[in-house]
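Below, chain A partners chain B and then partners chain C, in two separate complexes.
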Partner chain A sequence: MAVVCELCPRECVIPEGEAGDCRVRVNIDGRLRASTYGRPSAMHIDPMEKKPLYHFHPGSPVFSIATAGCNLHCLNCQNWQLSQRGGEEMEQIYRADPPQLIELAKENGCESIAYTYSDPIVFYEYVRDSSELARQVGLHNIFITAGYINREPLRRLCRVLDATNTDLKAFDDRFYREVNGGTLKPVLDALVTFREEGVWLEVTNLIIPTLNDDLSMIRRMAKWIRDELGEGTPLHFSRFHPQYRMRNLPPTPGETLDRARQEAMNAGLQYVYVGNVLGHVGNSTYCPEDGTLLIGRVGFHITENNLTPDGRCPSCNRPIPGVWQ
Partner chain B sequence: MHRWIYHWHRGDSLFIGWVAATLLLVVLYLGSLPGLEGGGGSSGRRIDIEAFKTRLDAGELSGHEALWYHPKEEP
Partner chain C sequence: MKRRDWKGGVNPRRRRFLAVLVGTLVSLPALGATARRCKSRQISLHEADFYRPHDLEG
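Up next, the complex of A and B:
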């Protein structure tokens, strides 16, 4: 019997012996199997800044995992060898059921687990069970996603999540359809849900030359973030590098990132960053009140942290939004 | 232009036919690629089910039941 997956907006109708569009949720004998549950294909220890999360436990190590599969098909995917394959196609599969995953994170001195690299939406059950166990031993749960998920499953998952960096790939439905194989509205809904459910939220926008670098669109996106998510929501503009099926475009020029950052700050966002550009002034956090350097960064490395222990500017005592302790 | 219209040759028909066939092949090829369009109602994706079952039986993949699905009602 065919089944209908309700997890993401695709709502795939999956006949027996086939998978959803994500390649990893498979119908076996009329039951949908989460085939990569406890079977990650990538495990690394990353700094928090690599996620990127700049306002959540800065400088702490994060045990980061991913399984095969994804429910989007971005032409510029950075992890396509992982995300655009099913479990049966992977050379490397580790066995790490939730209790083992928690042990691995603790053994390696990590304070958090990040579900990342591909899109953890497609290994939802593994995230949920691992996150519940992680919570019990004081580990934080971080969800790095493109946010293409239905509202109710996300709302349930938010109960065990602590932070997310969610991609907002463009403020344009046509871009989502043509470049990512998705749609914009569910992603906006997901961002609002994270905010409503109290999960610490940062947003990343990868700027691709000629495709989503229009300043008027960036302005509209920044205003939407300001109005719907709050002016204190960190926004990361990230530099595109040609890869996978999008090798015909050049890397994003530095001036484009500078202009985007300025446009978003003009729209009222207070913490706007530039990523994938080493040593850029936009890597660091400044007080929106008096411009004091709060956290200096070079790449993923923190060069100085001047925040007070309770997350305030040392000069003007303004509270800086984030989860600092 | 005038000469071309009024002095149609068999070779011209063959050329037009060749161009049309090429376009048809391109359209068929593009149509066979996995669709990028998002939205609801996607159909299933065929996988190498024998390879899948082999790795499932070996424990390299999991049979853990998923959440968030329901049987499709027959019409």
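Up next, the complex of A and C:
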């Protein structure tokens, strides 16, 4: 008996013995199995800034895991060796059921677990079960995703998530279809769902020269974020480096990132960052009221943190949105 | 092969047939023993949420 996977908008019809488009959700004897449950292929300890999350427990170490598989197929994928493979194709498969994962995170002095690198949507059940246990011992759960997921599964998962950085790859459905193998609307719905469910949300937009660097599109995207998610939503513009099947394009010029940042700030967004550019002024957090440097960063490293303990500007006392303690 | 191509001894066709037969009979128990030693392991896979049965014909 074939099954229909209802986790993501692809809604793959999966005949017996085969896998969905993500390669890791498999129909065995008419039952859908999450083949990478408890079997991560990547485990690292990263700083929070690498996710990137700039307004959530700055500087804290995050136990970061991923399994194989992804439900998008971005031509510029940075982790294609992990995301564009099925679990059985991986050189490295660890065994870490949720209780073991929590133990590992605690042993390594981490305050949070990040489900990241590939897209954790495809190992949904593993994320959910691990997150429930993590909550019980006071660990935070962080979901780094492209947001290509159906509403109902996402709403249920949000109950155990604390923060997300979600990619908004472009404000253009055609780009999603041609470069990522997805569509725009479900991603916008996911962003709104995260906001509605009270999960701390930051958004990343990777700017690829000639493909999604149009300033009018960036302006529309910034206005949508301002109106639908709030002007205090941090937006990270990230620099593209030639990767995977998109080695024909150059890295994003610095001026493009500067212009995009300015455009988004002109549209009313208060915290706009530039990533993958070491030492850029857009690595740091400033007070939107009086321009005071609140958190200085060079790459993933925090050089100074001037926020008050309750997350306010030390000069004007303005509260800065985020989860600081 | 015609009769004039072989002189005396065993017909080459029969010889080949016998060789294959003996080889098969000898290797079967060895294969069986190997299969018993390396029997497949059952890996438990977690059941996924959010799916429904689908009738491909329907």
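What we mean here is this: the second predicted complex is superposed on the first by the 325 of 325 C-alpha atoms of A that agree within 3 Å, B and C clash if a C-alpha of one lies under 4 Å from a C-alpha of the other, contacts with A are read in each partner's own complex, and residues count from 1 in each chain.
Please note the rule applied: a residue touches a chain if its C-beta (ideal position, glycine included) is under 8 Å from a C-beta of that chain, and two chains touch if they have at least 3 such contacts.
This structure is a prediction, so every number in the text was calculated from the model and none was measured.
Using the contact criterion defined above for the overlaid structures, shared-chain residue A:G86 touches chain B, although it does not reach chain C.
Once chain A of one complex is fitted onto chain A of the other, the partner contacts of A:F63 are absent, as it touches neither chain B nor chain C. Of the two partner chains placed around the shared chain by superposition, chain B is the only one that A:R95 touches, whereas chain C remains out of contact. When the two structures are aligned on the shared chain, A:T183 is found in touch with chain B, with no touch to chain C. Touch criterion met: A:V13 reaches chain B and chain C at once. In the superposition on chain A, contact of A:E125 is made with both chain B and chain C. In the superposition on chain A, A:A2 makes contact with both chain B and chain C.
Look at A:W200: by the touch rule set out above, it reaches neither chain B nor chain C.
The wider contact with chain A, measured as residues touched, comes from B rather than the other of chain B and chain C.
Looking at the shared chain after the overlay, A:G30 reaches both chain B and chain C. Common to the chain B-facing and chain C-facing surfaces of chain A are residues 1-7, 13, 15, 25-26, 28, 30-35, 37-38, 124-126, 150, 153.
Listing the residues of chain A that touch chain B in their complex gives 1-7, 9-15, 17-21, 23, 25-28, 30-39, 72-73, 75, 86-89, 93, 95, 124-126, 128, 148, 150, 153, 176-183.
Taken in their complex, chain C has these residues touching chain A: 45-56. Put simply, chain A touches chain C in their complex at residues 1-7, 13, 15, 25-26, 28, 30-35, 37-38, 124-126, 150, 152-153. Put simply, chain B touches chain A in their complex at residues 34-49, 51-52, 54-56, 59-72.
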